[in-house]
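Take a look at these structures.
Each of the next two complexes has chain A plus one other chain: chain B in the first, chain C in the second.
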Partner chain A sequence: MQNFFQALVSGAAVGMIYAVIAFGYQLTFATSKTLNFGQGEALMLGGLVGLTVSSYTGYWIMLPIVMAFGLLQGSVVELLGVRQAIKIKSEAGWIMATIALGIIFLNLAENIWGRDDLKFPSPLSEQPLSFKGVNILPMEVLVVIGAVLLMIAVEVFNRKSIYGKAVVATSNDRDAAGLMGINTSAIITFSYALSSMAAAFAGVLVAPVTLTGATMGSALGLKAFAVAIIGGLSSGMGVIVGGLLLGVIETMTGLYFSTGYKDVPGLILLLLVLSFKPSGLFGKSTIKKV
Partner chain B sequence: MNIRRFILLLTASTFLTGVSHAADPIKVGLSGPFTGGSSSMGVSMRDGVKLAVDEINKAGGVLGRPIQLVERDDEAKNEVGVQVAQELINKEQVVATLGFINTGVSLASQRFYQEAEIPVFNNVSTGSVITKQFLPPDHKNNYIFRNGANDTIQSAMIVEEAIGRQGFKKPAILSDSTNYGQLGRADIETALAAKGVKPVAVEKFNVKDTDMTAQILRAKEAGADVILTYAIGPELAQIANGMAKLGWKVPLIGSWTLSMASYIDTAGVNGEGALMPQTFIQVPNTPKRASFISAYQKMFNVDRMPSPVSAAQGYDSVYLLVAAIKQAGSTKGPKIREALENLNEKVEGVVTIYDKPFSPTDHEAISGNIPVFGIVKGGKVIPAHPEDIAGDKAVRIKPKA
Partner chain C sequence: MLRIENLVAGYGKVQVLQGISLHVPEGKLVTLIGSNGAGKTTTLRALSGMIKPESGKITLNGTDIAGLPAFKITRLGLAHSPEGRRIFPTLSVADNMVLGAFPRLTGARPKGDVQADIERNYDLFPRLGERKEQLAGTLSGGEQQMLAMSRALMLQPQVLLLDEPSMGLSPKLVEEVFIIINRLKREKITMLLVEQFAAAALEVADYGYVMENGRLSASGEASALKNDPAVRAAYLGQAH
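After this line comes the complex of A and B, so read on.
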């Protein structure tokens, strides 16, 4: 039973990492119906920039700097890769463009930081906390708290501030929002900036638990994409539940079935969701008018 | 008139190249990953090779000609390795190639050398099958040589250390899902079966997996008293860190990759005490080793070699090749191969003294008695059992066939 709870806790910690990256996918999808497939690379850049900056400033002062960097990086992705595709109403242009930018960022990082995995000094003690025999690292607790705080902050911003309301309006109906005088293309740039900021923040949160390196984002970005699909691209609750679900299922399969098949049930769940509820477990089904 | 002039030119040019040939350097290829995850091994190997070539050239070269290295980065990628092989063979026309860190790159590249009848020295790759791809009688001659400890040797040593020497009863195997991990796991299971032991748990993970909770809990649940590993640095570090997190510690014994800097540095205190087979440990216990270590430190301005095993094996591979070229009196591939298979000169290397290391049917210079166990202590690898390399056991020599 103790092992069960241990797997539950570890799976949940991993799941929250997936959730916060998946949250980034949602932000851009809401406003522009496009996704940044370079989300994993945004996370990686956040982690590596954070590593360099924190050697000068320490961990806590580094956080806002990395988030500012994420905002900038996201805007660049939107301006270079997505804006043109949206303008000409291209169905797939943004997919190739965001993937291409992701590869460029990966190569850039390999040339600046090298290809070895680096250790990110942990700001908290590396001694595990123990509750009735179930262990968790202080850093993992920070990942969970940080992820939830970030999501709450973005939600509050959207609901309470005038800029946030413009974002919500653009999500609901882009054309109507435009007619009401909202600069929707600036809102879309902003949503990309927010999305990369979430990814960069996730990068510096997970880096002390995993390792930091040019390829750290590739596997995580893909898992998070699965989470976004399972939870639904339009539901904030969905990514948290989806992330926890995938993280816990992976660890439980590993523990009770076989570590060789750890990733399979999560992917089966993905297939089931796609066949029976394509908008995700918590997604609102949308009718596309043609 | 024109034809006559042409013939004259042709003769003149042949004559000229013939003359310049005597002073021409001997080109030797060097292929390894100098960037990327395996680069600490690749760069150490390259530096070992460079050191040896530098010494030989200072002493007048071989056959009166200096050695010129043609270095190429294979990036640990099979397809890049193939391109490098073709370039070295066809464009650079090397007389032999040294290198390869990754078993996959070895297997993909070496058939081109085999076809071109140019000897290849695998000085780091460990896959058991590497030297056995082109064995006679199926092939006329085998051009693939190795001077490193292969996986069959390493897995037998791991099992002997864990079960035989330390008396553990319930081993769990943790390996990654790559060729390296899975071939190594199979070798360990075979070696365990020979001792009549069945692993209590056999677990797998992917490269880049960050959470090892499930694998470690299963090993713990099964009552494992030791963990045997076949994986590479970063994931090995995740295992050590994962065990520390779960507050469960049993010894880690595994393949030589537990000596990788990426394991030692990222696991930190959690990684202390891991045991792995090593052909060379950075300890100056013979005059040859002492001079090698100090020359390496001076030439590359480092204190801790990133991968001492790779450096030493790279260094030795050059001396073996040079001895063969000297004996053959030629730089022709078949002649060099023949000389290697019947080497008269005893070659004193860093790892061992090579006394007829190869035969037409055996292309492995390192035998099971040569490597010893290293242990991670204070952020570096030191001998695990100092008595194993004490006194006249410092240099361990391959037994005669």
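After this line comes the complex of A and C, so read on.
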């Protein structure tokens, strides 16, 4: 039973990381119906830039710097890879472009930081807290709190500020948003910036728990994509539930079967969702009006 | 105020407008009538930048706006209440209204008193006031139409384009919409109104243009057009 709770706690922490990255997928999908398939690499760059910056500034001051870096990196992805594809209404151009940019970022990172995984110094004690035999790393708690705070912050921005409302309006109806005087191209760039910021933030949250390295983002980006599909690309609640579900299923599989199979149940879940509820567990099926 | 010269526009290779010229003087209400598919909506879409005109000149208060993106045209003071209402369904009535004032709230146009204008809209459309916290997507068709109109008014526009504000409404609501248009006219808001109810539109308008297959076939004082036998026969359903 202790092991069960242990797996639950660890699964929840990694699940929240998936949720934050999946949340990033949702941000760009909402405004432009496109996704940044380089989300994993945005996370990795956040982790590595964070590692370098924190060696000068320490962890906490590094956070806003890495988030600013994420904003910039996401804008670059949109301007170079996505904008043209949207303009010519290309169905697939942005897919290749964002994957290509992801590979370029991966190469760049390998050349700057090397191919080996690096230890990211933890800002909190690495002594686990023990509750009735269940060990929780303080960093795991920070992961969950940080992830939730980030999503709440974006949600509050969208609901309360005029620019956030402009983002929602663009997601609702891009042409009509243009008629309100909203520069919807800029809003789409902004949603990419925000999406990469979320990924970079996730990168520096997870790095002290795992390790940092050029390839740290690939698997995370892919799994978060699965989470976005499982939860629904339009549901904020969906990515949290989907992320926790996938995270916990993985650790449980590792515990009760074998760590070698830990990726399998999540992917089976993904296939099941795609077969029986393609809009995601929490997604509303979109009815196209003609 | 708004002047169109030789406007040619369409969708891709399909040319809808074959060179139209039209003038909306300051403080006047001009209506554009014609049968379905004549190009009325396309005209408004070209004016507000929802589609790029192929050629021709559009000036708003002397500024050439032809081919500018929609958001820039809006920031120059042209508001468009589009066909199909196009309200933001997942936002509240109040938020839809606030977004109409986006250029005023972000420094692109003089700010004025946005809150007072919202209250004024609630006076004009009391039903919206009762539903301000409700999601716009849950409103009835008539309420959505009122929201689309009041959202466009929130710009404090120099020119207001209204595309079929009576579409899909019950006769009673149609009457209400025309009362409001009349009220806006008395407030000297410059308007270009596209309408299927030609008789009602000519009743309220100062000037009228009749559109046929992408061309203007007649124009003049609304009262004169209303009594023109050809117009009566084709659009006012009074041939017999």
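Here is the rule we use: the second predicted complex is superposed on the first by the 286 of 290 C-alpha atoms of A that agree within 3 Å, B and C clash if a C-alpha of one lies under 4 Å from a C-alpha of the other, contacts with A are read in each partner's own complex, and residues count from 1 in each chain.
Going forward, a residue touches a chain if its C-beta (ideal position, glycine included) is under 8 Å from a C-beta of that chain, and two chains touch if they have at least 3 such contacts.
Bear in mind that the values here come from a model prediction, so they are computed numbers and not experimental data.
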{"item": "First, second, both or neither for A:Val241, with chain B first and chain C second", "value": "neither"}
{"item": "Partner chain in contact with A:Val168 - chain B first, chain C second, else both or neither", "value": "second"}
{"item": "Which of chain B and chain C A:Leu281 touches, first, second, both or neither", "value": "neither"}
{"item": "First (chain B), second (chain C), both or neither touched by A:Pro128", "value": "first"}
{"item": "Contacts of A:Thr259 with chain B and chain C, given as first, second, both or neither", "value": "first"}
{"item": "Most chain A residues touched (candidates chain B, chain C)", "value": "B"}
{"item": "First, second, both or neither for A:Val144, with chain B first and chain C second", "value": "neither"}
{"item": "Partner chain(s) touched by A:Ile188 [first = chain B, second = chain C, both, neither]", "value": "neither"}
{"item": "First, second, both or neither for A:Leu179, with chain B first and chain C second", "value": "second"}
{"item": "Overlap of chain C and chain B interfaces on chain A (superposed complexes)", "value": "none"}
{"item": "Chain B partner contacts - residues on chain A that touch it in the complex", "value": "3, 6-7, 10-11, 13-14, 110, 114-117, 119, 126, 128, 130, 135-137, 206, 209-211, 213, 215-216, 218-219, 250-255, 259-260, 262-263"}
{"item": "Complex interface listing, chain A residues touching chain C", "value": "162-163, 165-166, 168-169, 171-173, 175-184"}
{"item": "List of chain C residues in touch with chain A within their complex", "value": "48-50, 69-71, 74-75, 79-80, 82, 86-91, 95, 98-100, 102-103, 105-106, 108-109, 151, 155"}
{"item": "Contacting residues of chain B [partner chain A, same complex]", "value": "35-37, 39-40, 177, 203-206, 208-211, 213-215, 217-218, 220-221, 233-234, 237-238, 244-247, 262, 265-266, 268"}
